[in-house]
Amino acid sequence: MKEVTHINGANARSGGLSKFLQFTKANKNIFIQYSSLILVFSFFMIMSNGDLLSVVNLQTIIRQLAVLFIITVGLMFVFSHGNMDISVGGVIALTSMIVTFTLNAGASLFVATLVAIVVSVGCYLLNIFIANQFKLMAVIASLAIMFSTRGVVTYMVSTSNESIKVEDISKLALFSSNLTFTITSLIVIAIVGIVLFNYSKIGKQNKAVGDNPLAAMQSGVDVKKSKVISYLIAGIMIGFASMFSLARSYTVSENSGMGLEMDVIVALVLGGMALSGGSKSKISSAIVGSITLVLLNNGLIMIGVRPEIVSLVKGIIFLIVVFFILRRPRTEVIPR
Amino acid sequence: MDKEVFLETVNLTKKFDEVLAVDKVNMQVKLGEIKGLIGENGSGKSTISAMISGLHRITSGDIYINKKKYTPKNPLDAREKKISMIVQETGTINNLSIAENVFLGDEVRFKKNTFVNRKKMMVEAKKALEAVELDVDVTKSINTLNFEQRKLVEIARALYYNPTLFIVDETTTALSHEGRVLIHRIMRRLKSENKAVLFISHDLSELMEICDSLTVLRDGNFIRDFEKEQFDENEIKQEMVGRELEGDFYRSDYDGTSTGQVVFQAKNVSAQGLKNINLELHKGEILGIGGLSGSGMHELGKVMYGNIRLSAGEVLVYGHETPSFFQKLWKQKDKQNTGNMSPEAKPIRLTNIKTAIANKVGYVSKDRDQETLILEASVKDNLTLSALDKLDSYGLITQKAEKRFAQEQIDSLLIKCSSMNQTVRELSGGNKQKISFGKWIGNDSKILILDSPTRGVDVGVKTKMYQLLYDLKQQGYSILLISEELQELIGMSDRILLMKDGAITKEFHRSEKVDEKTLIQYMI
Amino acid sequence: MKQNIGDYVKNIVKTFIFPFMVYGIILAITLIAGESGYMSAGAFDRIIRSSVLTTIIAYAIALPLSGGRWDFAPGIIIILSGIIGSNLAIQNDLGPISLLMITIAVAVVLSLLEGLVYILVRVPTIIVSLGVVMVYEALSGIVFNGSGAQLFMYPNLSILAKSPYIYGILMVVMLFFYYILTYTKFGFDTKSLSVNPRLAVSMGVKENRNIMITYLVVGLLLGVAAVLNASTVLVTPANNLASTTLMFSSMAPVLVGLYLAKFSNMALGIFSGALAMNAFSYGMVVLGINGSLQTIVLGAFIVFFMAYTVRSERAAEQVAV
Amino acid sequence: ACGAKSNDSSEANDSDKKQTDDGFTIGVMLYNYTDVQGKEIKSYGDYLAEHFNVNFNYATVGTSEEDHIAALENLIASGVDAVISGYDTSLEQSLQLAEQAKVYYGVALGDVRDDVSSEYFVGGLYNFGEKPETIGAQYAQAAYEAGVKNIGVTSFQEFAFVDAPAIISGFKEKLAELDPANEITVYDTEYHMFGPEDVSSAVTKVISDHPEVDAIFGLGSGMDFVYPAILNSTKPDIKVLALGYNDSTPAALENGSVLAAGTNNYSQIIANVFAQLYDRLNGHEYTDWELNGSVDYPIFSSVEEVEDFQKYIVPGDKSNGAVTVEELKQVMKTFNENATWQELQQLTTRTLSEIKEAR
């Protein structure tokens, strides 16, 4: 009923103003999403008196962006279902490890990349299979996947007598040192993401399912299939991302990919995603969010914030963004 | 007129968003009498009782109890005033125990020094259930009860507070014969105890049997009071429906003939709640399906749409095999006419929603907001969702195509929205309804299964809807019109099938002679 | 009534059969493997006493979760309130009870703050809590210049984590949790809100009030947990959202517990679940399973357990309707 | 200009990073600055910053390779001239980055394999001395003197704590030598993961497998994890031989529940790495340089010793600490033409008693 009064209020106001309100309401998400980026950017731009944009730093940022960006775009398809995934760190670790073995076995980069995608896709299909089959919350399934993948990697690391690393690192040059390739792949991924999410059946059905599975189903959406597809996409992207990840360090340890799952969630929120999925989810959340987070981490070191208060600053920025971007109007029940 | 008035409404009015649900209603409920409230769907019966019992806030006007002003904020206020109501929809919460449901929201009554005395609660719950002759373990979860038993629990909840005003909203349709007899007995008992009862039902004969007086509503307006001695079925109906069937409301012609060509068919279909159904829908025909809720007509709609698995028989749609992906690629251009049922169309077994949609069968659910629309999504997204395949060209769905598609529907159906990006939740009932039509019409679904299409829309839109249905018929659409509103069926259908207990009991062809009275006999 | 008591006992047994099964099976294996350790007093002590902490944490996580609220904050609230409470108690050489009181007070404040932000921002808890965690983690590194807490060094203060006191605490917490859920308006509201918020609210249940009480209760529980935790291990400040892992690592007992709760009530069920999981994890240690393999087994365990329970529930529903 | 690496490195640096007029900037990479290790390193860094023309940029890094690299890149981008990394996480890649940026790089909290080399790398440190066995031996001595008979051993797995086996074997050998009659038994090592609950499981297992155990040699966070675990076990009177130190150590030594505890000498560690980085930045290089230097690992088994430790190794005022600026300058080429790498090592391997004398 609140809704009504709210609207009537709006209607009551002068046409121009209500038009404006309409407009802001309609585009709220869009420019507020950028506002978080703008906020962080300008803040550090000033604090670092411009160094943020130095050539060196720009390259740095792009390198760091690669993994998080690709992962977040990929997982956007999962999150827009209202599902949550916390297995990505483990999956990246496992994938990188197997890729390392493959490369050391003499396989070509191309083959290795395929293997990466296969492994990661495998993990994610298993995840959604468990969820669908046993009617589990996808997050619980991903919890199990996280435990298992992390466990396997740790076990291999702990039992192999020298560290697991790529012997011929020149093989990964494409992913490590070739900035043009990185940028191109990011652009391509972004485009693919945007197209799939906004201009294809997949994305549209995704959002519909996220909002109202029943209605989606009665409109001819195959709900299960749509979920599987979204996990498939996530799997592919994350497989690709793990190539970049591996190419950053050439080594795999029990800590590889640690904490990525959280980075993704934080990034999405910074990008203005409410994590509840549905038609409100925007692919730009993934793009803007991951950039914002990388900028944030980079900036905090650039300006040499005292280590004690780094996460304080982060937290406050995070809460500010949440407050201004995601704050919801009164509804009869508070969102879960 | 010696009985004293317990409750009186003065210009009672309720608006939902912009929909005027109840409009300046003045009525009285007296002690020691059973007052019947009757009117078509959407005439405002539930809304009135909801306001009296504090479920909805009053928009304007007043309610007086014993001449004192009364403005309830929540059901507890009503309870204090000894008003209990049994709502039309389910009013119990799953996973809670039966006892907890009986005292939902009022557990404090058993509170003594901060702790709620559960034992007492159980005992009391048991007592409460005795009133409805329901003998179950009150500590068990409510889930263990069937629909009727849950209704009885609600009744028990209402009676527990030995109400002075007892409101029953269309509960009897949900009850078996025994259940009905029971609740009738309860109402009579209350009457004899000089309590007041407000009884809402679509079943006129039931009302006439039980009630001492009747109030007729139409489109949210108070129409007229009948005292027992004045009861006259036809007169009452006359008042309910109001106007003679004017041309601009329902269709005016009585030409029930349609092309012989069968486009949609159920053969010996049995499924949950359905027994051996046979029906044929012809091209350009409006086939009405009537019955009481619980007669299985809603299930029939889902069955025909491939949404409920059959236990026997088959549903056939006469169309073309779903084109393969490659065929689609070739067919990109001439998509528009693939929908038409060309003479050599062959029967296709309709087993799931996909084949239904592929063969241009569309379905609008009775529970529009839950099952057909995505309220959070925009008008555009809602309109396009079921037409994605059509819009999809080489794997891409361009904004342009979407916009064009959506705009077409908005224009042709005169959907009133600030923009095609407005979220559907904000639309008025009628506009929502138009959108759920538009989804399918836009997708050239030539066969439409419409379950209670005018449910919850105001009379203005109803007219538009009926006009629309008629136009669609003229354009060769075939429509399966499922409705609880007999007037609507009589007014719109070429043929009417009446259902009872999951079976088709009678078929009528369009003619002036068909009227509610004759129909009802085959439903009860 | 008699037969009633009979049922009661039966339910209790049903609730606790699972941990005994787990223990029994592992014991059998260990004995076959010629390991005696699993039957020792030490083993019992380890399993049961660590179950107490697990239980209390699981309560604090399960309460919001039952209402569909995921919350990352419990981990850091335990750390932060543990650090503040312990150090205050040590510096002003207070007794164990004052320690408990202070820690609980701090935890309650921290928790209520979170609840307040939640109601204010009206964004799913999973998001709100994330921001709260960042801030609290920072604080944990700042207060008492980040030296954490070493309560275990002070036998008189850490006594609450030793038997018999710890069992006393368990009893109190359990009864508290059981009563507040079973015999208070709050309990009933929580239940109806968690199933059908709209109907509940329309029946006159006050949601904001319920949320704040929820966080109050969570705070109380976490306060107790914080003391037990600080009494047994070195508490170090957290960073990089590390403290959020507690929610996930507690998921297993919560899930198992919520299922076992069906046989009696949440309080007993979760305790039983905690027992089972601790018996399980320590069993793996006794069996000498490599630490990294343990996590794999745990992952598999969660899947199979959930799969089983979901199956049986669906079966039950079919019977019911 | 940057091509030719002339002696005046500041010129070389000019080309790609700003040479801050207030001297060089050195980045530090640690998991946290809140535990003893972090705090000590930070405060010694601050001490150096006062007396040398440098300032430090302390970065908190995550544990993953990705995070390590990212943090390093960020430090480089922020214009540091050199980096002290706590760990050898993905060393090759880190060195690549360092070279590209002409940033000197040193590993503080561990030695590095000799298959890595870079002109910008000043190497790593043997945190347990050249021969970890000797550490084990010292603990053995303490155990023997305390007269414990049944000793359990708990440790992180080898992949996480490379020196553990060596230390343990040194421990056993020494005991065998001290106790020819073989009255002392040392049980098989119980390996565990990194969580406190893992440690307490390990301790519990030791106790229940060997009810007669009267001491535990805890290599996996002896003070932080093992000691609390024992206090919280069914046999809280078990004595502890702890690799590790925290604020509770003195009290624990006093009440005899801890027989010996030890920790890295963080001042020596940072001094060692810093000296080399600073020399390199000023274009000086030791002629006798080797990849892995070493520092002392102070072990204390008595209240006096631990008091000395606090007085001479981790004092609030580092000018009374393990390595003073003056001492350090003596062995740095920048300030002393004929200083040698060996001298630096001698300075940073001084034992507690030697340091005490020097004061």
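In this document, chain identifiers A, B, C and D correspond to the written order of the chains, with residue numbering beginning at 1 in each.
Everything that follows uses one rule, which is that contacts are C-beta pairs under 8 Å (C-beta built on N, C-alpha and C of every residue); 3 or more make two chains touch, one makes a residue touch a chain.
Only a predicted model underlies this, so the values are computations on that prediction, with no experimental measurement involved.
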{"item": "Count of contact steps on the shortest path from chain A to chain B", "value": "1"}
{"item": "Both-way neighbours, i.e. chains that touch chain C and touch chain A", "value": "B, D"}
{"item": "Taking each chain's C-alpha mean as its centre, the one farthest from chain B", "value": "D"}
{"item": "Highest C-beta pair count, chain pair", "value": "A-C"}
{"item": "Chain B and chain D, separation of their C-alpha mean positions in angstrom", "value": "76"}
{"item": "Chain centre separation in whole Å, for chain D relative to chain A (CA means)", "value": "37"}
{"item": "Separation of chain B from chain C, taking each centre as the mean of its C-alpha atoms, in whole Å", "value": "46"}
{"item": "Per-residue overlap in chain C, given as positions that touch at least 2 other chains", "value": "141, 146, 239-240, 291-292, 294"}
{"item": "Junction residues of chain D, two or more chains touched", "value": "32-34, 60, 62, 157"}
{"item": "Sites on chain B at which at least two other chains make contact", "value": "none"}
{"item": "Contact pairs between chains, per stated definition", "value": "A-B, A-C, A-D, B-C, C-D"}
{"item": "Residues of chain D that touch chain C when the two form their complex", "value": "32-35, 39, 60, 62, 157, 191-193, 196-198, 200-202, 204-205, 207-209, 211, 224-225, 227-229, 231-235, 246-248, 251-252"}
{"item": "Contacting residues of chain A [partner chain B, same complex]", "value": "1, 3-4, 7, 22, 26, 195, 199-201, 204-205, 207-208, 211-212, 214-222, 278-280"}
{"item": "Touch list for chain C against partner chain D, complex", "value": "35-38, 40-43, 45-46, 50, 141, 145-148, 150, 152-153, 155, 158, 161-162, 231-234, 236-237, 239-240, 281-282, 285-286, 291-292, 294"}
{"item": "Interfacial residue positions of chain B with respect to chain C in the complex", "value": "55, 74-76, 91, 93-96, 100, 104-105, 107-108, 111, 114-118, 141, 143-144, 146"}
{"item": "Chain A contact footprint on chain D (complex, rising order)", "value": "16, 32-34, 42, 57-60, 62-71, 73-79, 89-90, 92-93, 101, 157-160"}
